[in-house]
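You will see chain A twice below: alongside chain B first, and alongside chain C after that.
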Partner chain A sequence: MFRLGYLARKLAILALTLLAVATFNFILFRVLPGNPIQLQARAGNLSPEAIQRLREIYGLDQPLISQYFIYLRDVFTGQFGMSITYQRPVVDIIAERMLNTLILLSAATVLVIVLGIGLGIVAAARRGSRIDSSVVVGALVFWSLPTFWTGLILIFIFGAFLNVLPVSGTSTPGVDFTSPIASLADLARHLVLPTITLALVDIGQFVVITRSSLVDVLTEDYILTAKAKGLSRRQVVWRHGVRNALLPVVTTTALYVGLTIGGAIQVETVFSWPGMGALMYDAVLRRDYPILEATFFIFALVVIAANFVSDLLYQVLDPRVREA
Partner chain B sequence: MSWLSPETRAGIRRTAGLVWEDRLGRVGLILLGSTLVVAVLGPIIFPFDPQDFGKTAADILSPPSAVHWLGTDELGRDVFRATIAGARLSLLIGLVATAISIIVGATIGIAAGYRLGFLDSLLMRITDFFLVLPALPLIIVLAALFGQSTVVLVLVIGLTSWPSTARIVRSQVLSLRERQFITRVRSLGATDYRIVTSHILSNVLPLIFANTVLVIAGSILAEATLAFLGLGDPVHVSWGTMLHFAFDSGATGRGAWWYVLPPGIGIVVVVLGFVLAGHTLDRILNPRLRSR
Partner chain C sequence: MRGQSSGTTSRRMTAVLAALVLLVAACSSSSTTAPSAAASLGPSATSGGSAAASQGPTSAPTPSQATLKVGWLSEPDTLNPLTTYSTEAEEVLQLVYDKLLGYGLDLKLEPELASSFAYSSDGKSITFHLQPNAKWSDGQAVTSADVKYTYEEIHKDSLGQYAQWLTDLVGVDTPDPMTAVVNFSAPQAFNPGLTIPILPMHIWSSMSAKEIGTFANPTPIGSGPFTLVEWKKAESITLNRSPSFWGTPAIAAKVVFVHYTNADVEAQALKNGDVDILTEVPPTVFDGLTGAANIKAVSMPSFSFHHIGINVSTAPGSKGNPLLKNKSIRQALSYALDRNQLVQLALAGHGKPGNSIIPAGLTDWHWEPTAAQLMDANPAKANALLDAAGYTARNSDGVRTTSSGTPLEFRLIAIATTTVDVRAAQLFQNDAMAVGIKLDLTTLDENTLGSTVYNATAPNWDIFVWGWDLGVPDPDYMLGVPLCSQIGGNNDVFFCDKGYDALYAQQATTIDPVARKVITDQMQQQYYQDAAYLVMWYQDKLQAYRTDTWTGWTPVTGGMVFNFTRDNYLKVAPLK
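And then the complex of A and B:
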């Protein structure tokens, strides 16, 4: 599959990046003016004794370098401290929220990848046609939509005016579901609008990149050869074009993970979807710094992991990179 | 623009002409032109007073009427005038944040590409690190830590969006520094400072122009999103803060479409204008695609 040396180098870079993120977090939340104690003292009226006690809990009375190592140990063992607003360990709160975000993001990602790549292929295969230009214009328009506003508009249309779909939460309140299937169906109905919002805004990028990548490939000499051999257009586009054009799309998918996390924060806020994004929004509003710190750290980990996986995938898919 | 060489100025004029000839590019330029007119003249013709609250209960969240063309917000203020005032702020924040981002990105890109060696690898590791961090969570955290003011907002957006510019500039500088005209100037005894300021910079800037236009679109969206999430400056009305208060006050839940549509359409018009212009510029400045 790939050479061990390459894998080892990638793993080393991954480890360094993780360390860098943790260090960055440490500097942001502990070293810069505005460490959690100062911030909490600013937010509420803490007595000097309470501040002293908090300083001990967070280890702020120790030298910076040992604070750093304590911080690293805590972060990589998932100890993010106590939430200020919930008065519970941050890890427990995040564990409850994680699944909801995963459900939302998976649904949106499937929709975006299938529709985005599909439309991109259709547009590139008929480059210059009316279909092509409408797909491109549509992609650019959706690209320009603010995610949160798109959500608000969909709430208006489907919630307030048509009243056909639920616009808030993950389940209908006050309903006892007789079977797990009924409860899943209810969840699916709640999932429709948030998923469509996320997908609508994110799809543009996929369409544009798939299209330009396929257009690039379709002007290569070997495509001309394939056409000259008398292959049908379908065979040329799919067998010779799409296969090679999808490589840059793999990289896009990794970038998309970072993008869609930003989208999830907005969509979860607008639709009151109880996931990590809404948690981060609440943490901002209530200045709950331990939660803010933990959600940011986890989001960064996810994006770094996605980049790592896409790097490896690229190796598997593209023999040229593998040899180099 | 007198600091640009005559050839560069002619190049910019020619490029602008090419954008205008493209159908999508022209739509983009028209959208941008009209926004600029509204942002510059609008607040003079229709001044907005953020303290001009409604006098009676009927003034609160009232639908469009002859007095309030686009209705009123939850405090009884005129939505039409607020939207026009928002145009100026949103555009201004987008432009200043982009200027910061381009200056930082270009400086780092030129330093890395021109100096190479250790400085290059150090700067590129830093760039890659910021490239990989999820953008919105990062600016949310920074804005939440450093307070709610327009200045902080502009700085945070500008200082987080430079990595892609740095990457593009670096790759351009890498190919420029080996070109004959640069090696000739160097052999004539020109200092590095002179080579960078009068030869590299003028050749790099036109190439990052398309990227700059797209960065503006991203900065305006970022400002709107941060403001919507409650991290904007509550004193200054931008489209994002309007939508924040529309959502927060429950106006969206009560179907006050006149409050939610105008600021959102404003954002879409400006961002789409920059995206269309940037997309067209990219095709023009990237000659490999121009022939297709």
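And then the complex of A and C:
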């Protein structure tokens, strides 16, 4: 299906991009003012001897160029070194946080994509109707709302006023669950508000892109032909319209998945969700280089991989791209 | 842990001195100055404490099965006491580990792992007698060898924040398993027993200093009233009551610390009953909790202050404005500053105007300027000082200038996320402009401000706004910040005065509290009048708890929790 040369070229570009990103990350955090030992040394009134030991432990006593090669080795062996703040391997820390982010985002992403595309199709199929304008206006309004504000309002309604849903964390603290099912049910309850917040805010882009793409397609001559053949409206929209309108939606989805892995920083903050976004935010404030380098590298990796996959999907979906 | 406070995450300083708080109370009317008096007071002071500990079981309610839930806005960095820098870690660790001595709810000394202690007549040795039935949570007995290992290892490898209290350590003798004699090369006004957690030798002694430096201590073995069950990272920490604790067991069966990343949501969680007490409540949120159903919001004095620091560095590479080395300008800024307005507008009234670097909450040690000495909200006096110093000319903007035309214009930096500081900086700009001094405000993140300020060889800044949390009832640590030897260390304005340094050394070895107070007062006055540090306010410690879940919270200067006493955790009882 794919020509080998095409694939090899793509992969080579991908590898080069990753190396560039890794290098950029290394430089970026080191030109930031501040350093990871600074406030620790002040806070602990450390002796020069203790500060020197810290610098040795985290390799900060090495010349920059050696630090760079140690860092590259760590990145490409997937080790990422030790966190300066938490004094634990970065891999372990990221694994804990990544799991939480994936739980939150997979729930939200599925909801956003399915509902967003569905609503976009409904709006386009009934272009100009009251349903169309309600869907589009609603999607745009929620898209424009600040995420943290939407989250706080939901907390106010469901957490404070109705008091029916938990407002923070992934589980009810201090409770010993009797069974894995009870524990999962508790997690599900904690997922409700952050998921709805993410869905409300993010659904707009899918609605709008799906709608406009499908509206374009539905004005094509072959749609007229399909209608003239006497196909039902459903068949016209789904079989002839949606499939051809999906191309921009695939791109949007790839970008969306890539970007959201970065953690929905605002949602994670409002709902005290222990995910990647919160980890990265703290790491910036503390200049925890190993965590920063690892998280930024992983985000870059996911974005690049998602784009790679969407390139390949284009080949499947659109014969014209295949020919090119 | 000690350090610069950002206002949201406070860092407590473990600057603890000897039994002196107690001694002040015990002999404030006495004029005794001989160290031998302190020596004899040592054991008698603790006998009261150990009696209280043994009385416990008769009066204490029986241990419950209830869970106490504490909400906070940050979480520990690590559970290794020798590498942590966070207040949250210290809060957890003080429930898991014992020190030799601790603080009660009155912030007076009480026994922990040591049932009693005595100073030698020269003040250079302290003999601690250990609790006979103390055990590590893995079942091994606590002995004087553990004390010896902990102290000597911290001293030998200069480990973490505790090393500063053991700089004069000579060694620890262990005449028997229940007795540890800690020997110093100089008299110690400060008793390190009040601050250093005792670690189990059988767990730690196999590690090198470097290994300790990267040891996460995931399952701490301590001798304290609780043991760690689980740390769900960035979410919650669960402790269980220790069955092997030597003292009166806690009434709470579990303590759970719950992490929130948003103060409004945390307050809502308290209202919903998800947690029982909050460690820190921002002023704006505090007012919203006052009067809420089943909630008591408590305002207590703290051991913290926020201040304006002025660069007086004499380093050749200093890029600070040289005009600020003129004390008249610094004093004029201090006179111009309306501290009461800062408290009302920046702090929403939750604090009191400040002056000395020893907060008013530290009542036994705070020095208060007389009305004549007070520099505050007096623009007339500020103008008079500037006029007298020759800065009478003004440029077209109304800013005073030197005779050569250089304007009195300085850079001012503050931490962007510490909103109280930013607001204070803006008010300070107005106050300064009213006397013809222009301040240009830039806000930075804390780490950037830290590395800008603490650049001892080439500080490129003029004035900053920041804060300190003392957190313990002793002046030693804070008075040690302005030392010449701390330039390159904690001395953030680069003040240096040999006379001040001499006084510091003198107070550190003066065991009699009355004599020591004379010296510490003199130091506070000198530093106040030098006006390199303009203390703005002593903020209140704001906390809130539910009144329908647990009872028996005792307000303490510095906070019911998140303080140097762990006793509220042990003594509160469930209502249902």
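We adopt the following convention: the second predicted complex is superposed on the first by the 273 of 324 C-alpha atoms of A that agree within 3 Å, B and C clash if a C-alpha of one lies under 4 Å from a C-alpha of the other, contacts with A are read in each partner's own complex, and residues count from 1 in each chain.
Note that in this section contacts are C-beta pairs under 8 Å (C-beta built on N, C-alpha and C of every residue); 3 or more make two chains touch, one makes a residue touch a chain.
Every value quoted in this text rests on a predicted model; they were computed, and no experiment measured them.
Q: Let me test your reading of the model: by the given contact rule, A:R287 touches which partner, first (chain B), second (chain C), both or neither?
A: Both partners, chain B and chain C.
Q: A:I155 contacts which: chain B (first), chain C (second), both, neither?
A: After superposition on chain A, A:I155 lies in contact with both partners, chain B and chain C.
Q: Counting only touches as set out at the top, which of chain B and chain C does A:T269 meet: first, second, both, neither?
A: A:T269: touches chain B and chain C.
Q: Taking the superposition as given, does A:V141 touch the first partner, chain B, the second, chain C, both, or neither?
A: A:V141: touches chain B, not chain C.
Q: Pick one for A:A20: touches chain B only (first), chain C only (second), both, or neither.
A: Touch partner of A:A20: chain B, not chain C.
Q: If you stack the two complexes on chain A, which partner ends up touching A:L279: first (chain B), second (chain C), both, or neither?
A: Second partner only, chain C.
Q: Contact-wise, after the overlay, does A:L246 reach chain B, chain C, both or neither (first, second, both, neither)?
A: It touches nothing on chain B or chain C.
Q: Once the two structures are superposed, pull the chain A residues common to the chain B and chain C interfaces.
A: Chain A residues touching both partners: 32, 34, 39, 152, 155-156, 160, 269-270, 285, 287.
Q: Which stretch or stretches of chain A touch chain C in the complex?
A: Counting only chain A, the residues touching chain C are 32-35, 38-40, 42-47, 49-50, 53-54, 56-57, 82, 85-88, 93, 96-97, 152, 155-156, 159-160, 163, 166-174, 268-272, 274, 278-279, 285-287.
Q: Note which residues of chain A are touching chain B in the complex, please.
A: Per the stated touch rule, the residues are 17, 20-21, 24, 28-29, 32, 34, 39, 127, 136-137, 140-141, 143-149, 152-153, 155-156, 160-161, 212, 215, 219, 258-259, 261-262, 265-266, 269-270, 280-281, 284-285, 287, 292-293, 295-296, 299-300, 302-304, 307.
Q: Taking the complex as given, what residues does chain C use to touch chain A?
A: Its residues touching chain A are 1-4, 11, 67, 69, 77-78, 80, 83, 85, 157-161, 163-164, 209-210, 213-216, 232-236, 238, 254, 256, 258-262, 264-266, 268-269, 271-272, 274-275, 445-448, 450-452, 454, 477, 489-490.
Q: Under the touch definition given earlier, write down the residues of chain B that touch chain A in their complex.
A: Counting only chain B, the residues touching chain A are 24, 129, 132-138, 140-142, 144-146, 217, 221, 224-225, 228-231, 243, 246-247, 252-253, 255, 257, 260-261, 264, 267-268, 271-272, 275-276, 279, 289, 292.
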